[in-house]
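Note that the chains take the letters A, B and C in the order they are written out, and that residue 1 is the start of every chain.
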Amino acid sequence: MASSIDPKLVEELAAIVGVEGIVSRASELKVYECDGWTVEKSAPDILLLPRSVEQVSRVLRALDRKGIAFVPRGAGTGLSGGALPLNAPVMICTSRMNKILTIDYANRRVEVESGAVNLHVTNAVKAKGFFYAPDPSSQMACTIGGNIAENSGGPHTLKYGVTTNHVLGVELVLPDGEVVELGGAVEERCGYDLVGAVVGSEGTYGVVTRATLRLMREPEGHRTFLATFPDVESATRAVSRIIASGIVPGAIEMMDKLILRAVDDAFHVGFDQAAGAVLIIELDGMEVGFAECSSRVIEMARAAGAKDVKLARDEAERQLLWKARKRAFGAVGRLAPNYCTQDGVVPRTRLPDILRVISQVSERYQLSIGNVFHAGDGNLHPIILYDEREAGQVERALGAGRDILKACVEMGGSLTGEHGIGAEKIGEMPLMFSPDDLAAMMELRHVFDPKERANPGKIIPRPGACVEVAAPRRQVPI
Amino acid sequence: MSEHPASAHRDVTDYELLFDCVHCGLCAEACPTYVATRSEMDSPRGRIYLMKALAEGRMDLDADAARHLDLCLGCRGCESACPSGVKYGRLIEAARVFVECEYRRAGFDRFRRAAVSVVFPYPARLRALLMPVRILDWLGLRKVVRTALPVAAREWLDLLPRHGTNSTEANWPAPGAIADDAPAVIVHHGCVAQVLAKSENANSERLLAAAGYRVVKIPSTKCCGALDLHAGNGERAREFARANVLAISKLKPDAIISAASGCSTAIAEYREILKDDTLAPEAEMLASKVKDLSSLLLERPLQFSARFDCVVTYHDACHLAHGLGVREAPRVLLRSVPGLKLVEMENSDLCCGSAGSYNLTEPKMARELARRKADSIAATGAQYVVLANPGCEFQIAAELRRRGSSIRVMHLADFFALAMTRGAKQNR
Amino acid sequence: MALLGVDRVREAASLERRAAAFVVEPRNADEIAELIRMCEAEGIALAALGAMRSLTQIRRAPVALGISLRRMNRIIAHEPDDLTVIAEAGISVGALNAELAKSRQRLPVDPCQPDVTTVGALVAAAHAGPLRFSEGTARDLLIGIDFVGHGGRVIHGGGRVVKNVAGYDLMKVMGGSFGTLGIITTAIFKVRPIPAHYAVALVPHKRADDAFECAARLLEALPLSHLEVVSPGFAARFGAAGQFAVIAGFSGNPEEIGYQAKKSLELASGRGEIFNERQAEAHYAALRDLDFAAGPLSARFAVMPAELPATLDAIAGDYCAHAGNGVAEVALRAAQSLDSAQQVVAEWRERAHRTRGHLRLLAASEPIRGGLEFFHAPSDGALKLMRRLKQAFDPAGIFNANCFVGGL
């Protein structure tokens, strides 16, 4: 037992959350030593599974008195190590706070506890023709709280925006245990936009326990196309043409050869295995408008070099395409024991350039890299395959990832489009932000968490000690 | 100690298969025990993590680890959700063998598991054991005696269907002549099923005959081995599998079904279980013939002579949906009944807690899942819950009985027998 | 005054005098940084002027030093294929859109009088118009920002890609901060294609309830661009004098326009009229440019959308209600004494609270302005954080001090 926590405090915490709500045995905590980003591992000393905001508040008060840091966690599907405990002995998991509290169709609002699962929100309202727009690929498991922490996106954010565009209010428990209501259920804010500040703060401001979200009306219909291209260049060309034409599709997603193989093994979609890339293009809107838009999309895809453009014949076919796309990350498990994925963004017009860089990186590091990504947004997801059991492979995978991110930033892009900085990319932050920028961000953090006890060691590198500090912290041999 | 040894220290499970899991976590919400406890030790990803840590010697098999592995229903809901194609069923079955060998359970738990293992696979023993209950039911005394029993026994008793409650007194028209070249189907009667699910078996055969299949009977049916497979008794599972292969393969059926979907899935897995056995080719052949009742009935449609105006909801038995991947066929079949309205329940493919003998060995979790299932069912407003596995039938019926619900739980075979014979009666 | 030594500092000209005592027109962020450092050292308050519309309203007294960004009005980059634009804060929304229109694109945020609204003011004062219903506000479209903060630090947040979660979201912090946290110098926006066609359905109703019901039906049935209910005082501008006018805009290809036109007439039980192209654009511009700041007292309600009719029921004043958003601007025509203005504002606030929302004053005439609270106070917990934020970003208290929520 490596618990560094005073047994008296453990008793106090157990009294707050109940014996069912506390886990302190090392064997059980092991399961919580990483999230979807498995490169680095570190188990908490104590896991708490509170059931109410009162419990969260009392827990944080108790921790604050002892000066103990904590890490919030939702479903642990994050891909940047956001829920990795770094010098944070206590983990607070919101999985048991998963109720959908109120659904208000007239005002298109839904209020949920932060542990509510993303897809469950849509499932709860779809019978009435509504949906919750942000749809990260992990939506069948990830929580709204996690989405808020990471400002998650998803394929349909091209048209509908990301999490921050859909969160109107949050209930936040500050690191000292105080519960604050930020924003509300109406569109305009009073005073500073603190909700906007909280969304994307990766759990470094405290624990979000409740949120008011916007619901969207389901469009009247969808047209989902599968366009098959000989290579990624022609596919990216098609993306540019469609965007430039003034059509705003619901989503444009690309999968390259390597990913196609894995996905087809998993879901038997029947992709052309000779294809260099495919695009899933989805139009949504009014039925009457589809005829014209569809023919233009098909025409533009063909003109860009598509060998074949097929329309999903029914909802089942459409769902199969989306299932294949959304579970592509996992399907990669069929190709290699481990993968890490990067989440860099480039201006859409630079897609061909960055894809060239990625294939050079793949050669340089002798690692397979697949590409499945939100082409409409320029948001890449190069999936770097490796085997942690082979000496040096973890190091090479990390190196490849860093090179790709560096290239993204050099092309005017970003380190991350939707996965967050987390523990993973903290060393790369200076590529994008000056010391002054980072200092301003740190000042913002201190507004919410002056003692840096909420999810320490994330997002903002300590001044002058970014990459150097990151290395020895890693427990895996790299 | 290195964090990632190149190979396993202990033979916990098929170690290489563990690496199919990329820790994405998409399985969690498909796992009934995670949905109930919302702690990751009770999720597929968590259990895989435990298996890996056990295999690599980073952890010892203590009461906690055994507990989290035991709590797995083996429903394989996670396999449907998993994008990486993790063969979770095989992982957990192997891990259970490891737990059975390496871990000594506390007294009552050990007794409970042993009792299931000694009695259930043997119909004669089960019949003998149930005789007192049958007598009580004849005398109408079950309720009285129940109150005198300890809680654990009471819960077991509640699961037993009352004699004859679900068997439709089938008023079957004489089946038409069956062509010699009609496909031959065997209905595997199972072990527990041949005692407790007689009507389900009989009606399956009648429906197949009515649809024009040639029903081939086997002289006596042995347990398929599923109970042992799920309880970590690999050796006896192989024996049962061999016995079944020997008895059935020589009959050269075109299809083999079972009223219990767990049995069907087990037979479909004979190719794995017996892959190093001399009977491997026959096992492979038999496994490839596994079908399900609804798919067969869709191929040769039944004729309904009367409307059956009712609201039905369909529960996906785990091994049918996640094991054999059959989800649509039963629904299509139900919708084909004139007048029938099918209403989907929430989480129809989340396990009801029956899971073979799970509701006998893990009654607490089983009850919790039954409650959730009953809530979903009640919310649909259906009059009938149709499902294709007797275990689910008893489990859900017991829960609905406890809350005094009038919703009828029926096996697909019984339900269609009712739909057919109602028509026959009305038409006369 | 020590600052007089700096280039281009001059005394405020006629109109500017209501906003600032002195005005400076810097050419770049470095010059602003220099000014900020000097002001911090000397304890001189400063504020970006924009078109001085919000500033003159919310300030009790002119700020010592006004920063005019009229020399920082370039479009730094517009990449049509990326649908992004980088613009200096001093350019007007109208000028920016004129340039974007050459590529058939636009920044779909439509404040009143876009030709005078600067991009800096658009962001800092959170201006928005009818298109907020379908396109969102500047908050939703701002993807990157540069501002000069305390110590003269030039801070940049976000980036020039449409999807980006690297670092904290400084765009949200600066958006709607009314110049109290720093001087915004550059904004990067997502832009959108201009729809191929646009049309307006106009449905007059005698009663407000009927108008809102009609709006609700349209909202339910069609993917509109915007949806307003305008009270009789304003409806004359749309040819519906004395009535409550429902004004719904929709866009798309000809088939979509045709379908929506037909459908909206059906839903309006045949009382409506459809306007296309030029006429539609004219109605839209009139709607966008309804000037609420011109009257003696005006305010913006933000409430739950379905409760707008209750909020505005028999209200004293003319309004334009954005029915899909739960936002409405209301104006009083007649001049008010301070006493009666305070009563009206109290009554309006009460209405907003009843329907789970709040109220912000947009404008009040000179004599009564000083006695009115413009902003609605957030919850105590939120206000505490806001104070800390102000303290962190403006430790010297020089950025447009003492005029925002809670006296920040």
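The rule we apply is simple: contacts are C-beta pairs under 8 Å (C-beta built on N, C-alpha and C of every residue); 3 or more make two chains touch, one makes a residue touch a chain.
Worth saying up front: this structure is predicted, and the values here are computed from it rather than measured.
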{"item": "Chain located farthest away, centre of chain C as origin (C-alpha)", "value": "B"}
{"item": "Contact pairs, highest-scoring chain pair", "value": "A-C"}
{"item": "Centrality ranking, top chain (CA atoms only)", "value": "A"}
{"item": "CA centroid of chain B to CA centroid of chain C, Å", "value": "62"}
{"item": "Centroid spacing, where centroids are CA-atom means, of chain A and chain B in whole angstrom", "value": "37"}
{"item": "Inter-centroid spacing, chain C versus chain A (mean Cα positions, whole Å)", "value": "31"}
{"item": "Multi-chain contact sites of chain C, meaning residues that touch two or more partners", "value": "none"}
{"item": "Chain A to chain C touching residues, read off their complex", "value": "104, 106-109, 150-151, 153, 157, 161-162, 164-165, 178-182, 184-197, 199-201, 217, 219-220, 240, 243-248, 285-286, 288-289, 291-293, 345-349, 374, 377-379, 412-421, 425, 429, 432-434, 436-441, 443-448, 459-460"}
{"item": "Chain A - residues contacting chain B, complex", "value": "23, 25, 27-28, 30-32, 34-36, 38, 41, 47, 49, 75-77, 93, 95-96, 98, 115, 117, 119-120, 123, 138, 140-142, 265-266, 327-334, 337-339, 388-389, 475-477"}
{"item": "Residues of chain B touching chain A in the complex", "value": "2-4, 6, 19-30, 38-41, 45-46, 49-50, 53, 58-60, 62, 64-65, 68, 81-86, 346"}
{"item": "Chain C to chain A touching residues, read off their complex", "value": "79-84, 104, 126, 132, 136, 139-140, 149, 153-157, 159-173, 175-177, 181, 192-196, 223, 252-256, 258-260, 300, 302-307, 325-327, 356-358, 360, 375-379, 381-386, 388-389, 392-393, 404-406, 408"}
